[in-house]
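Since the structure comes first, as structure tokens, the remarks are kept for the end.
Letters A, B, C, D, E, F, G and H mark the chains as written, and numbering starts fresh at 1 in each.
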Amino acid sequence: MELTVYLAGQIHDNWREQVEEIAKQKNLPLTFVAPQTNHERSDHIGEAILGEQPGKVYKDDAASDINNLRTQVLMQKSDVVIALFGEQYKQWNTAMDASAAITMNKPTIIVRPTSLIHPLKELSNKANVTVETVEQALDVLAYIYE
Amino acid sequence: MELTVYLAGQIHDNWREQVEEIAKQKNLPLTFVAPQTNHERSDHIGEAILGEQPGKVYKDDAASDINNLRTQVLMQKSDVVIALFGEQYKQWNTAMDASAAITMNKPTIIVRPTSLIHPLKELSNKANVTVETVEQALDVLAYIYE
Amino acid sequence: MELTVYLAGQIHDNWREQVEEIAKQKNLPLTFVAPQTNHERSDHIGEAILGEQPGKVYKDDAASDINNLRTQVLMQKSDVVIALFGEQYKQWNTAMDASAAITMNKPTIIVRPTSLIHPLKELSNKANVTVETVEQALDVLAYIYE
Amino acid sequence: MELTVYLAGQIHDNWREQVEEIAKQKNLPLTFVAPQTNHERSDHIGEAILGEQPGKVYKDDAASDINNLRTQVLMQKSDVVIALFGEQYKQWNTAMDASAAITMNKPTIIVRPTSLIHPLKELSNKANVTVETVEQALDVLAYIYE
Amino acid sequence: MELTVYLAGQIHDNWREQVEEIAKQKNLPLTFVAPQTNHERSDHIGEAILGEQPGKVYKDDAASDINNLRTQVLMQKSDVVIALFGEQYKQWNTAMDASAAITMNKPTIIVRPTSLIHPLKELSNKANVTVETVEQALDVLAYIYE
Amino acid sequence: MELTVYLAGQIHDNWREQVEEIAKQKNLPLTFVAPQTNHERSDHIGEAILGEQPGKVYKDDAASDINNLRTQVLMQKSDVVIALFGEQYKQWNTAMDASAAITMNKPTIIVRPTSLIHPLKELSNKANVTVETVEQALDVLAYIYE
Amino acid sequence: MELTVYLAGQIHDNWREQVEEIAKQKNLPLTFVAPQTNHERSDHIGEAILGEQPGKVYKDDAASDINNLRTQVLMQKSDVVIALFGEQYKQWNTAMDASAAITMNKPTIIVRPTSLIHPLKELSNKANVTVETVEQALDVLAYIYE
Amino acid sequence: MELTVYLAGQIHDNWREQVEEIAKQKNLPLTFVAPQTNHERSDHIGEAILGEQPGKVYKDDAASDINNLRTQVLMQKSDVVIALFGEQYKQWNTAMDASAAITMNKPTIIVRPTSLIHPLKELSNKANVTVETVEQALDVLAYIYE
């Protein structure tokens, strides 16, 4: 049984590559999809397609139109969602994607450092599983195939 | 990841062929479906299958039965909807299809000329993205695969 | 049994008052809700609340945000939708509202002049009933109470 | 038409009282519900009801069980959601509640300072309306009754 | 707790009055709604509102538009459905309404004579309860209040 | 695009074979599924699997359990439903399946002889298309692929 | 804000009266509904309404028809579900009702003694909150009103 | 037509292997999925992935997080559910899974010994079919393909 996994969360390190690497090592039949991970590209995609906007608010809104379409398409095609929170940044998109996934009944795994236990407690509680490392998240997915 | 795209909208020019051509150039794994684009055929399909009707209202209703079944089947199989408005005609079917798609949570792109910004403002606002050209619509779809 | 009726459609004449008047004459326990019918107010509501925008597109989008929220709130509270198309204007909001209502399984009545039979044929076909006058629309609602 | 409004968001100032005050001034038939706004009480409710837990993670999880039940009950009864983000704190519960509300098709207004435009751009884009002050949020609600 | 009960089924005897009478005797807080029970009125309602149609098929379709709107409105407002089959007639509307109710998760009681056990076996099996008399149907409703 | 078509309706002649034959001639990529068409087998399947039952009602109910499971599985996998009514029999299963399909938003075609126009008028009105012959039903399906 | 609470669970002691008593003491605007708590009545309701059945299996099935209708009606009207497990009996109805409630997105509280922690662990995990006493369950409900 | 079947129920004997064996003998195109059937592994999976927990309740809850994610993923991918109850144990997970499946409209077969007829009567009544042996359950699945 092949599963598609949406990898929500921060785009400032290579955690998605780690995920794919571990899945490969474990021989799991998983396809991974994700938001745009090139931060520059993500911020500029609105103007890149729709042309220059009259200020930052409008540039941001144009980019969001297209980023949200991408997320909606890919999340609807996914069977499971992993949402990773890092120590930095506000990461409201991660919270938004995790909450949308849970509300859509997508089985959801949250990955977060122990420093974020308290501020993420309600979201962790709504998710299926909360872990601290991507290795653990993949252990959970591997368990589906045991 | 293959996606099916419903191309709602006017049937008086060859914009759907342009869409398919660009998708091919960009090597995007997209399948396109659409309403009947032969206007004559679309208007006469009711009588063609069900036999002569007692006047225009009834002929129109018979054709609509069959056109609506076609649209319902194909839209339910689609992952994304592109709805193109041209400068002419009332194009209420385009508005109807776009609104149905949005209400069904199908990610939706509207293509319209600048002359239609004002009358389409509420529908544009509900869609995920609004662009002016089919090239831009395909840029949005290509972005899903980046 | 009290019912709430959303009156979608053109805002350039007093048809909603006629509807309310007839309902009163017929003693029907109906509550009517509707989009903003002051055209000026509807077009300017974005800037009125959010402040000046950098051009027409942005002004329109700001107004649409608020008009769409209003429609979503009121349509979700409604049991029936009447959508009236007049002879003039593009009236895409009317088509959008009618199509959204039908997709949400709200029982829907379309009111349109005979001149619009052909361009509205698919939407009429999806609605429950299509009539030509507001009197007829109220006859349909009165029939629920017989 | 009476509406119930869920006030998601930060619990460190008196913005909900302001909202209620303005609604009263404007004579709007609104009922407001909200998460527990006593931060201490919210953090300790798990142990208060379920007894002492073996450490912070478990205390947090126990509290979240009960806070999430409260939110689920009240949000399901609501017709509209207002989600306010302040300048401080991570506020992931606000993002979680706003995203859940939008996914459940609850009409949603976000209130946030201009300093948060960029990190909230995708969530703002999914909400119906984004404003900067609670006065503006109430202007939007008042508009429903015009 | 007040409940609304939709009384689907044949319109050729006074079984609905019996139902209301028994509910009154038992002091049950039930509101009953039903399709148009005046057969003539039901068959002619299309032409009565929409004007003369060009033949029987069209007259029937016009009447059905309005009868179906009525049923959709009233069934959506109902908490329980009772569907009564008599010995005569094809009664496909009764089967249609019962099946729609069951598919919408409306708790459903079927009333049918023993002579119809075999042809109704699959529908009876999908309904919650099947009884032979309206007295029994009301016994079932009364049980909710014990 | 391959479609699965559920063929609801009478099981006393070979109309399903005709459907498959025409689909083959037209080269349509359709897969057909259907209820058990061996009447004997359908009536006895309950006792065949569950053992002898204490009378006809119980035998019928046991058979219905299994027939309804089959229909539910196959209809949920289908993209379109064709429901054929013949001149004889009560055919309440056909009405039940057609109504369930329509309520589940499955695009639905009804096939019925002209003699049944009146008793089927409300169901025909709720279906997408009503035709008189299986050839016409296949013409409608073929139109999806034009 | 008034809430309706479904009290699923064992019917062999007076825990529901305790619940009502505590709610009264706390002045909570709650309405309680429940399955039939008279065990005899619950077991015999099938034969009481439908007449004698040909053996225990059929008597049980007849009773279940009516008990399940009652539960479906009352649970659909409820905003919250409390499911209490006692030390004795298999209590599969309690598990069935709790699981149905959770799947229907009804906020759910489980009450169970510590001896049942292990066998109920997956169900507890899916519920919103698990407590050990009815006092605690009411504390959770009272918290909604703080 | 290939179907995926979720095998809920006890994990203390080899009934799932029997099911697979019979399906193979009958040449049915079925894929089977199931909960973790290694009881030890199922009980310890929480600590195995998340590390040692501060006591039995927390160990159980950690295991349940992961077992429930597994079940949710696999059940959402399934077309049919078979739930087997044995004579021993409380088997609340079996009841929970069967009830969740039924509420999600998954066609469901219950297998149980005659000794459990009475305590399972309401759940049996909600399922599509109840049988006593796995052979009978496979006979039901084979019937779909006749």
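By our rule, contacts are C-beta pairs under 8 Å (C-beta built on N, C-alpha and C of every residue); 3 or more make two chains touch, one makes a residue touch a chain.
Here the structure is a predicted model, which means the values were calculated and not measured.
By the document's definition of touch, common neighbours of chain D and chain G comprise H. Common partners of chain D and chain F, by the touch rule above, are G, H.
Of the chain pairs listed in B-E, C-E or G-H, the one whose interface repeats that of D-G (more than half of its contact pairs identical by residue number) is C-E. If you average the Cα atoms of chain E and of chain F, the two centres end up 23 Å apart. A separation of 31 Å divides the Cα centre of chain C from that of chain D. Residues of chain E found to touch two or more other chains are 65, 68. Interface note: chains touch in the pairs A-B, A-C, A-D, A-H, B-C, B-E, B-F, C-D, C-E, D-G, D-H, E-F, E-G, F-G, F-H, G-H. Residue ranges on chain F touching chain G, taken from their complex, read 54-55, 58. Those residues of chain E that touch chain F in the shared complex are 56-57, 60-61, 63-65, 67-68, 71, 89-93, 95-100, 102-104, 116-126.
Contact residues on chain H toward chain A in their complex (touch as defined above): 4, 31, 33, 36, 38, 41, 45, 48-50, 65-66, 68-70, 72-74, 76-77. On the side of chain F, the complex with chain B involves touching residues 1, 3, 79-80, 105, 107, 109, 128-131, 136, 139-140, 143-144, 146.
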